[in-house]
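Shared between the two complexes below is subunit A, which has subunit B as its partner in the first and subunit C in the second.
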Partner chain A sequence: MKVLELAGVGKRFGALTALSNVTLDVEEGAIFGIIGPNGAGKSTLFNLLTAIYRWDEGSISIGGLSIAGLSTQRIARLGVSRTFQNLRLFGNASALANVMVGEHVLLEANVLDSLLNTGRERRERTEAEKRARELLRFVGVSGVEEQFARNLSYGTQRRLEIARALAARPRLLLLDEPAAGLNSSEKHELVSLIRAIRDGGTTVLLIEHDMGLVMNLCERIAVLDYGEKIAEGEPREIREHPRVIEAYLGAPA
Partner chain B sequence: MIYTYAFVAIAACVAIERFHNRRAKATIVLILAAFLAIAPRFYGNDAVFSVLADAAVYVMLALGLNIVVGFAGLLDLGYAAFFAIGAYTYGMLASPQFGLHLPFWVLLFLAAALAALFGALLGAPTLRLHGDYLAIVTLGFGEIVPQIFQNLTKYTGGPNGIAALDVPTFFGHSFGASVMPYYYIALVGIAAALWISRNLRESRLGRAWMAIREDELAAKHAGIDVLRSKLAAFAIGASFSGIGGVLFAAKLALVSPDLFGFQVSVLIVSMLVLGGMGNIVGVVVGSLLLTIVNSALLPQINSLVDATFHTTVDLSNLHFLIYGAILVGIMLFRPEGLLPNRERRAELHHAGEAAGDA
Partner chain C sequence: MHEFLAQLANGVELGAIYALIALGYTLVYGILELINFAHGDVYTFGSFVALGIFVGLRAAGVLHGAGLILGIAAALIAAIIASALLNAGIERLAYRRLRKAPRLAPLITAIGVSFMLENLIELWQGSAPVPFPNVIPNPQLHIGALEVGVQQIVVVALAIVTMVTLHFFVQRSKLGKAMRAVAQDRDAASLVGINVDRTIAITFLIAGALAGVAGFVGGVSFGSAWFLNGFGAGLRAFTAAVLGGIGNIAGAMLGGFLIGMLESFSTWLIGGQWSNVAVFSVLILVLVFRPSGLLGETLPEKV
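== the complex of A and B ==
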C-alpha cells in the first residue's frame, strides 16, 4: 500500500524551477529519506505536500486520494503531520498545551461544547491531556509538561515538536531536518525514536543533511538535485550512485 | 463608598490570582459574590450603584474583547461597534421609534445574537489580515458602524439618537427609576461572562486560538480551521458587548451615535492593556480601575479643582490624555499589565525570569 504518490510533479517560482518531473512512491511503514544539496527542492517538496504551495504539474496523492486543491488543514485531517526545519512551536504555551493542540483533529468538541464546558468537552480534555503526557514520555521529554516551550533546550524543543506532530496519530509523518543542531548522542536517540515511531505504525518521510544518519536510518532514499530526482534506492545503492557522488562532490576532473 | 466596593472587588481579584488552590479561589469568588449581592442593602446609594452598574457593563465589554484580542490574538480596534449594535437593538425595538416594545429580556438575547452575527460579518473580511492591517480595518469598522446609525436618520433618529426607551419590567414589576436592577443583571452578566471565558480558555477552541495567536502556520498544520476559529472569536466576543449594549441603553433610556465612538474602543483596549491581556481576572481589574477613574475619581478631582481655584474647568476633556498616560506608563513599567497571565509575562520578559515565575 502506498501512502504517498507523486507523479511528474513540477513547481516553478517565476523563472526558477524548484521541482521538475518528480515521481516518488512511499510505501506504508517505510522510513523514507530525501536528501540533496542545499536548494535542491527538498523543503519545497514538503511545502507542496502540506499545501503551503500549489504545484504546477503532475499529481500528488495521499493514501490513494488526490490532494489537489485541498487546504493545509484538510491535509492534516487526512493524517499528514509535519515538523519544521526552523522549529515552529507555540512558544508561550506549556509543552503539554503544545501537544494537546496536536490532538486537535482527533477531538470532536464543537464551539458549543467549548462555550458550555459540556461533558464531551471535559471527557475529551482529560483524555487528550493523558495522551499528551504519554506522548511526551514516548519522545523522552517527560518532566517538562508545564514549562513553556520557548524555555526548553533546543534538543527538547525538537522532540516536543515531534510529539506535537505525532499527537494527531498521523499515517504519514514529515520530518524536516530533524537532526539539525543536535549533538551526536541526541542524534543517536533520534534514530531510535524515529524507528519506534515507524514501529508504532506511522510512515516516516524525512529530509536530512546528515548523511550518516540518513544512511543508517532510512530504508529507502531519494536524491534531489536542482529540482530533479537523480536517484532512488536503498542506502547502499545511493552511496555508490555516480550521479549522487557527482552532485555532492562535483564532476570528476 | 464607591471606592469601598471597587477596593473589595479588586482585592478579591488580586487574591484569586495569588492563590493557586482551587478551593481557596472558589471560596473567595463566593464571598465576593455574596458581598456584592448583599452589601447594597446596607451600604451605598443610587449614585454609587449607577457607577457600579456602568463599571459592570464595561467589565463585560472588556471580557468580550479579551476573547478576541487576548485569546485569539486579533487586535480589534473597533469593538465599540458591537456595543452600538447591542444598544441600538434595544433602542429601536423597545421604544416609540417604531412603536415596537419588545421585552427587555428577549432583547438581551436577541442583541447578543445580532452582535455575534455582525461580529462574524465584520470579522469575515479581516480573516486573512494580520497585526497592523487587521487593526486598521477593525478601526475603520468601528468608525463606520456609528456613522451608519447617525446617517440612517429615518430609523435611528440620526445624531440625536432615540430617547425615551422602554423601562424594563421583571414579571410585571417595572424597574422604575432605580438603578439596582441593572446592577444585579450586570453582576449576573459578569458571572456568565467569566464562566464562559474560563470554559473557552481551557477548551479545544481555546487551544486552537492559542495556536493561532502563537503561530498561525503551525496551527493550520495541526488541522485547525483557522478561519472558522477566528470567526468564532469575533462572534463570541461581540455577543458579550451586545448584552452590554442592551443594559447600557436601557439604563440610560437613550441611545445616540456619539456614545459609541472611537474613544469607547480605545477605552476597552486600555482596560485590557492595563489589566493584562488574556488574563480573565486581570481584565476585570483593568476595567474596574479605569471605570472608577472615569466615573468617580475624575469628577471628584474636577470639583475639587473648581472649588479650590473657583474655576469651571472640565477635566472630562482630559480623558484621552489620561488613557494615553496610563498606556505609556504601563508599557514602560509593566508591559504585561497589572495582573498578567503566564503567557503574556513570558512573552514580554526574558526567558529566565519567566522560568522563575513558572
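== the complex of A and C ==
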C-alpha cells in the first residue's frame, strides 16, 4: 500500500525550476529519507505536500487520493502532519496547549459545545489533555507541560514540535531536518524516537542533512539535485551511486 | 461620601459596557491585527434591535409579569444574534478578501464600513436619539451609604458573567485554542488542520455577540439609542483595549472598567465637557509611556 505517490511533479518560481519531473512512491510503514545539497528542492517538496505552494505539473496522491486543489487544512485532515526546519511552534502557548492544538482534527466538539462548555467538550478536553501528556512523555518532554514553548531549550522545542505533529495521529509524518542543531546524544535519541513512531504505525518521510543519521535510519532514500531526482534506493546503493557522489563531492576533474 | 459611591457605581456600570465593547476590539485585533473601526456601530445596531423588540412587544401588550422577563430575554438574545451576524457579515464581505492585502487596506475599509453603518442606521432610525420604552422597573437598593439600582447590578453581573465565560472559552475550549493558534501563526494553525477562515469568522461572531450584549445593556441603562452612539462608545472602548494592552482579554476588561471610572469621576470632579479630554489624554499617555498597555507585556497571550 502506497501512502504517498508523486508522478512527474514540477514546480517553478518564475524562471527558477525548483522541482522537475519528480516521481516518488512511499510505502506504508516506511522510514523514507530525502537528501540532497542545499537548494535541491527538498523543502519545496514538503511545501507542495502540505499545499503551502501549488505544483505546476504532475500529480500527488496521499493514500490513493489526489490532493490537487486541497487546502492545507484539508490535507492535515487526510492524515499528513509535518515539522519545520525552523520550528513553527505556538511560542506564546504552553507545551501542553501546543500538543492539544495538534489534536484539533480528532476532536468533534462544535462551536456551541465550546461556547457552552458542554459535556462533550469537557470529556474531549480531558481525554485530549491525557493524550497530550502521554505524547509529551513519549517524545521525552516531561515536567515542562505548563511552560511557554518559546522558553524551552532548542532540543526540547524540536521534540515538542514532533509531539504536536503526532497529536493528529497522522498516517504520514513529514520531518524537515529533525536533527538540525541537535548534539550527538540528542541525535541518538531522535533515531530511536523516529523508529518508535514508525513502529506505532506512522509512515515517516524525512529531509535530513546528517548523512550518518539518514543512512542509519532510513530504509529507502531518494536524492534530489537541482530539483531532479538523481537516485533512489537502499542506503547501501545510494552511498555507492556515482551521480550521488558527484552531486555531493563534485565531478571528478 | 454618598456622591463618591454613586459615581463609583456609575463608573462600574459604564465600565462594564466599555469592557464588553473593548473585548470585541481586542479579540479581532488579536486574531487579525486589525482595528475593526466598525465595531462601535455593531454595538449601536445591537441597541436598536433590542429597542425594536421592546417597542414591538409593548405594542403587543405582553410586557408585564412573566411576559416582561421573557421580553427582556428576547430583546437580549435578538441583539446578540443580530450583532453577531452583522459583524460576521462585515468580515465575510469586507475584510476576508483583504486578508493578504497590506495592513492599511483593511483598516481604511473598516473606517468606510463604520461610516456606511452609521448612515444606514440613521436612514433606518432617524438622526435623533430614540428613547427606550421605560418598561424595566429599577427599584433602588440601599447598601450602607451606597444607593444603587437593581438594573445597575444586573447590568454589571451580566457583563461579568459574559467576560468570565469568554475567558474560559478562549483559554480552555477546543475552539478557543484554535483561535489562539490562528492568532499566533496562521500557517502553522492550518497545518494542524484548523480551518483558519472559519475560526476568524467565529471570532467575529463572538465579538459581535459581545457588542450585542453591550448594545442591549447600554440601551437599557442610558435609556436611549442613537445612530452615532457607537462612534463615541467605540472610541472609548478602543481606548480601553489599548490601555489594557490590545489583543489581551484580561487587559480589555481592566481597561474597560478603568475608562468607565475615569469618565464617571472626571464628569463629577471637572465637568462632563472635560471627560473626553480625560479619557483621550489617558490614551495618549499610554501610547507614549507604555505602548503595550497595562497588561500587554506581563501577559503576552494574544486573543
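The rule we apply is simple: the second predicted complex is superposed on the first by the 253 of 253 C-alpha atoms of A that agree within 3 Å, B and C clash if a C-alpha of one lies under 4 Å from a C-alpha of the other, contacts with A are read in each partner's own complex, and residues count from 1 in each chain.
Here, contacts are C-beta pairs under 8 Å (C-beta built on N, C-alpha and C of every residue); 3 or more make two chains touch, one makes a residue touch a chain.
Please read all numbers here as calculations on a predicted model, not as lab measurements.
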Problem - Combined model on subunit A: subunit C and subunit B, fit or clash - result: clash
Practice task
Could you say whether A:Ala68 touches subunit B, subunit C, both of them, or neither, answering first, second, both or neither?
Solution key: neither
Exercise for the section: Classify the contacts of A:Arg88 with the two partner chains as first (subunit B alone), second (subunit C alone), both, or neither. Expected result: both
Practice task
Would you check which partner chain A:Ala196 touches, where first means subunit B only, second means subunit C only, and both and neither mean what they say?
Solution key: neither
Exercise for the section: Please work out whether A:Leu115 is in contact with subunit B alone, subunit C alone, both, or neither, and reply first, second, both or neither. Expected result: both
Fill in the blank from the handout: The intersection of the subunit A residues contacting subunit B with those contacting subunit C is 50, 52, 71-73, 76-77, 81-82, 88-93, 97, 100-102, 104-105, 107, 109, 111, 113-115, 117, 121, 124-125, 164, 168
Fill in the blank from the handout: Residue set of subunit C touching subunit A in the complex reads 165, 168-169, 172-178, 180-181, 184-185, 187-196, 202, 206, 300-302
Completion exercise
Given the complex, residues on subunit A that touch subunit B span 50, 52, 71-73, 76-77, 81-82, 84, 88-93, 97, 100-102, 104-105, 107, 109, 111, 113-117, 121, 124-125, 146-148, 150-151, 164, 168
Fill in the blank from the handout: Touching subunit C in the complex, subunit A uses residues 50, 52, 71-73, 76-77, 81-82, 88-93, 97, 100-102, 104-105, 107, 109, 111, 113-115, 117, 121, 124-125, 128, 164, 167-168
Problem - Interfacial residue positions of subunit B with respect to subunit A in the complex - result: 196, 199-200, 202-208, 210-211, 214-215, 217-226, 232, 236, 342-344, 346-347, 351, 354-355, 358
